[in-house]
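There are two complexes below, and they share chain A, which is joined by chain B in the first and by chain C in the second.
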Partner chain A sequence: MEKKSSTKGQSAGSGFLFFIAGFVIASVFGWVIFPKILYSVNQQPIKFSHALEDHAELECENCHFFRDDGTYSGIPKLETCTECHEEVQGENPEEKKFVEQYVQKNKEVPWLRYQWQPDNVYFSHAAHLKVEKPLPCTTCHRDVKKEKIPPPVRINRLTGYHYSTMKMYVCEDCHAHKGANNACNVCHK
Partner chain B sequence: MKINRRAFLQFTAGAIGGTLLSPLPWKLADDTAIWSQNWSWRPKSQPGETTWDYSICRFCPGGCGIKVRLIDAKRAVSITGNPNSPLSMGGLCPLGRSGLQFQYSPARVPAPLKQTSRRGDIRGLKPISWDEAIGEIVKTLKKLDNESETNAVAWITGDTSGSMVQFIDYFLLNYGSPNHFHMPSAVDNQKLVNMAMQGFNQPLGFDIERAKLILNFGASLLEGWGSPVRNQKTFIKAVQDGRTEYIHFDWRESITSSRATQWIPVKPGTQAALALGLCHVIVKEGLYNREFVEANCFGFEDWEDKEGNKHRGFKANVLKEYSPSKVAGLTGVPAEKIAQLARKFSKEGPSLAIWGTGSQNNPANFYEEMAFISLNALLGNINKPGGVINQPPVPLKPFEEALTEGTHRKELEELRIGRDTLEEFPFPGNAIYAALEEIAGSEHSQVKLLFLYEANPAYCLAEPKAYSEAISKIDTVVSFSSFLDESSINADLILPNHTPLERWDDFITPATSPFAFYGISKPVLNPVKKTRHTGDVLIRIAKALGGEIVKNFPWSDYQAVLKWRLEGIAEASEGRALEGEDVSRVMLTHARLEPNFKTADELWKKLTSGAFWVKLPDTTSETKFKTPSGKLELYVQKLKRDKFKKWNDRLFVANFYPLEPSGKKDKFPYLLIPYEIMQLTSCRVANPPFMTKLLDDTLLKRKELFVHVNPATAREARLSEGARVTVETPVGKGIVKVHLSEQVAPGVIAMARGLGHSAFDEYIKGKGVNANKLTEVQLDPVTGIGTWWATRAKLTKL
Partner chain C sequence: MSKKEHEKSSVRYGMVIDLDKCTGCMACAVACQEENNISFLKDDSIKTRSINWMRIYKLENGKKYPEHRHVILPRPCMHCDSPHHSPCTFVCPVNATQRDEETGIVNQVYPRCIGCRYCMAACPYYARNFNWWDPTWPKDMVEMLNPDVSTRMRGVVEKCTFCSHRLLKAKDKARVNGENPKGIEYTPACVEACPTGAIVFGNLHDPESEVAKLSKDKRAFRLLEKLKTEPKVYYLSSHEWVRKQGDNDLK
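And now, the complex of A and B:
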């Protein structure tokens, strides 16, 4: 009997250790290793600098503008960049690379996108900007004012979305707080 | 420390706990829910700037204006109707809306292909370069020319709605061959009857806008007749405005009949008898337009010719042969109803009688159309508001003006294939069947090189074996098709044309339109395959042939040809380039359309940016008929030929002479009648997936086609709903299923046209049965045109 109970006590102590070990290993895997496996890390083809010292005289709207029909242009096309960078202007090697590889070959830069919504979502930039109290861009996008090098683009291998792609609850939450319509057909036409 | 079972379980419990408190399961669950949104093979919407460009749809002879939505001006994502089009007025049919599925179809011909194995082997078709392909054709053409066999070249054209058909004619004329045939069309016969009765070699238009009462003798007004969308739109407007009452006579309850004020079922193929029954009552009761008939019609009364022979006129014939009681027996419409309809038709003006079948690829028989024109003529309904209209011609510059020296067109006519067969007919027309028959029947075919332009005779011709038997005797078949259709697969060389969205083309007045129409269809996309415009290829071939031909082809490309032809309209200074004016309203208010252009360049600019040229018919002045009598001939003198002296007077006036289907009634007790619907194209292209989705389960289920049979007929044949049967006719057979439907007349097997393809893509290939293969063609005794309407058939249960 005695022998049996001492075995039980010893087992309970080391059992806890096993439990902790399992817990720690799984946590490390779940929090650290799993995200590294889940997301592929990609670099932009050109390290474009949004920083004010590089594109100081420009407003956001110079490159990210609304078209005449009210749609939003999003990432600028080569045409927009070429307006200034038809030839190399500074000493930034990335600019040289851009001019040589894309401008001179008249090839669109295959920019990687950080934010995009599924086809079943109808998102209008105009509805958020061409209003009385426009939302600042940074409500949804990262602040790029000081960004010399664009962050790596981390794409979810399973879903194909970027890790910072906004989910539906974010939209709903903001709509609820601002008193905007939250009906399904506002976004899902 | 020993790792035993207990330790393992404790470790596992810890791991589960750790996992549950980490993002792993929750993130995976969330991701799995949206996993399917970005599958690489799933089509995604393209980001980019949206623009719209304008053109004309070319998938049927309707001529609807289209508006194409483009992303970054290079990828087309949707096609809708152009509201400025005076024909389609912003509407578009399912086929036009599916245009992009043809553009990006897996059945597109990627590059010039040459058959390296036997004909029909799709794997034997190997890509070659354009230089090689054109070189090969030039070599063969030169060889035939050196052997003085230029008439060994023949051509079949399917798209006759633009200048290309005349350009091909011009090319062949220069080369020295008269053998240009086109696929059968409803206007083939109509033009001849119009030529015989009125002296105009034009299809007829119908002023539906201004008619108060329309009697429709079987035309699918709302399902593909003439210019389909125009007819739908005009009809809907007229009904909504409460202007029009519409009575429909047909053997099948279709969408068209369901929209009618009255649908009066008639026995299949007897509409012409009914029209003559109405003529009888109108004449007998003196309800006809005496003034018009006396001044403008020839042969109404009995008459005497120069030699003093007495002839029986239209009046005596119709009074003798078509009493309401007799017509009631033929048509199944009660005699009292016939009299009532005749009185209504002659009282409430303007009244219009229209006729025809489904889409425009089936010529009627000669006497049938005579009956309907005669009925309209009795009321003076010719070139009048709300009447039958002779379409004004479009004054494009004729190609003959480009000839630098005279050619011997008449001599060439002597060399035409099918001529021997057609000599047996007093008023010969489209000779495609006669030609195919002669080629198939000859030991050494006169034709050695056959070209196909926008034509798929191996599928579309009724009794398509007429084509396959003929090409077995022809050395080389060259197809210009953009798609791997039945005819291209059986060709030796394919020189793919650009698709309609990639090429320059034009569109000349469609059938049934009361006004003259001209539009330019321009490329809205860059070619996505290694294709070339057939017009450009012809110019290159002509230049490579050398000699005198070169001078006759002064154009750099086909776009230049179109600009050159447009000079004709500018010089004539007629019509107007409409930029959104509602042509129906203009017609209703009897307003005039003044020219808004001075030069061809100015007109070209307008027509390539969404405008359309229109000229309204002259409905106010007297018509100058170009017949021997100078009048509209109810007794057609042009039918007189020395060879047919024995013809009696009955053969010169409208009569009910249906073409009797062959086969014995006891062996083939039913009539197989093909029909057409808007969701199923029977044109040269196969049904696109968008439209096939619209077909319901009583028409196509999985791969099986359903024929529609009246329940009474099914009882008689001991067939129940869904029974699998063999339909057999004297010309072919196929396995189908039966759907019982009160919508079709007893004794009829109604079969939809447009299925049973053996080519194109996986979405349509092998589905259903090709109704054309079961349909019998008969040569019309007057014109020699191959016509079809019903075929005797039997059903055998499997």
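And now, the complex of A and C:
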């Protein structure tokens, strides 16, 4: 009797151990390894820093401006950068690279977007900034003024969605709480 | 959606089509296809499969030669304003089509649509179209697609949106220029294309607007008014037989 009960306890104990081990392995795979496989890591062509003194002094709208027809310029074109960087200004190797590879060749920088949205989404920057109480940019974007190096852009290999793309429930939630219109055609086209 | 909410908005976009002015040139239909990235089939004569947001109908008075008359009737989505729901939004099981109660535009979100086609059965105007195949265009035309309108995929329903993407752009322009975006005037592609000015578009709830005035004209009628779907598209005709056909029975 004694022997039997001890083996029973042992098998239950080892079963529990197996469960824990399996749980840990599955969790590590699901939460750590799989996302690393799923998202490709892409670096920006130029390590642009918003935190550099001269950049940090500017307002966001100096480079990311609205056009008169209501559209938002988004990522600046080469034209905007060359207003200051027609020639190398300082010692920064990234700036030298930028001037030599893009400005002198008159080639647009293939910047990567962090929050790419699919083509059925219409996001209006004007509706969030050109209103009575404009939202600060950091409501949806990273606080780039604290960033020395741009983080890598992570893109889902299966869906093509970017890791930091805003999800629809975030938009809906904020619209519902602030009493904004939540009809489909406000954001979808 | 309560009734109270429905009555609140001061904006109701609507359309008036003057059949006396319409020459049946179909420029509106062509402009619509182009504006909204509507694909075409190899054989577009199959009318149960082809996709047209603006469909052109021919009405005839049924009389022989000397008295024979016909009228061309362009038919977009009616954007029915019946209380609570439009016929299509009422039956949608997944909320893929709704009426925006601020503007009265009945919209459709394509990736959400499951293709059950209840809305097509519910729509008394045949204003909805189903994508039986993935859209295809000749190679050169793919580059020319309108970036303001997303393309649809196989298995979803699509319909006229009163060019709501143009409304979005007009609103943004107003905001940037410090104007009030509510009830802003904009022009859908069909209205822009009409060479005789037969189509008028605007806010029906603004008594000063041309649509509001024309919609109260003696010649005005709506399609299948007896169904109480309250279409926001009005037609004008000086012929009684035309006005009668707008509300005729199935034979």
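Assume the second predicted complex is superposed on the first by the 175 of 189 C-alpha atoms of A that agree within 3 Å, B and C clash if a C-alpha of one lies under 4 Å from a C-alpha of the other, contacts with A are read in each partner's own complex, and residues count from 1 in each chain.
Throughout what follows, a contact is a pair of C-beta atoms (placed from the backbone, for glycine too) under 8 Å apart; a residue touches a chain by one contact, two chains touch by 3 or more.
Keep in mind that this is a model prediction, so the values were computed, not measured.
Visitor: State whether A:K130 touches chain B only (first), chain C only (second), both chains, or neither.
Guide: second
Visitor: Per the contact definition in the header, classify A:F29: touching chain B only (first), chain C only (second), both, or neither.
Guide: first
Visitor: Is A:T71 touching anything from chain B or chain C once the two structures are fitted on A? First, second, both or neither.
Guide: Both: A:T71 reaches chain B and chain C.
Visitor: Does chain C touch more residues of chain A than chain B does, or is it the other way round?
Guide: If we count touched residues of chain A for both partners, the winner is B.
Visitor: Could you look at A:N62 and tell me whether it touches chain B, chain C, both or neither (first, second, both, neither)?
Guide: After superposition on chain A, A:N62 lies in contact with neither partner.
Visitor: Of the partners chain B and chain C, which touch A:D119 in the superposed model: first, second, both, neither?
Guide: Both partners, chain B and chain C.
Visitor: Counting only touches as set out at the top, which of chain B and chain C does A:V186 meet: first, second, both, neither?
Guide: Touch status of A:V186: second partner only.
Visitor: Between chain B and chain C, which residues of chain A are contacted by each of them?
Guide: The answer is residues 67, 69, 71, 118-120 of chain A.
Visitor: Taking the touch rule as given, give the residues of chain A at its contact with chain B in the complex, in rising order.
Guide: That would be residues 11, 14-27, 29-31, 34-35, 38, 67, 69, 71, 73-74, 77, 116, 118-120, 156, 158-161, 167 of chain A.
Visitor: In the complex, go through chain C and note every residue touching chain A.
Guide: So the residues of chain C touching chain A come out as 97-103, 105, 107-111, 147-151, 161, 164-165, 167-178, 181.
Visitor: For the complex, which residues does chain B have touching chain A?
Guide: 1, 3, 6-8, 10-19, 21-24, 27-28, 30-32, 34-35, 37-38, 44-45, 47, 49-50, 72
Visitor: Tell me, which parts of chain A touch chain C in their complex?
Guide: Residue list for chain A touching chain C: 66-71, 118-120, 122, 124, 126-127, 130-131, 181, 183-186, 188-189.
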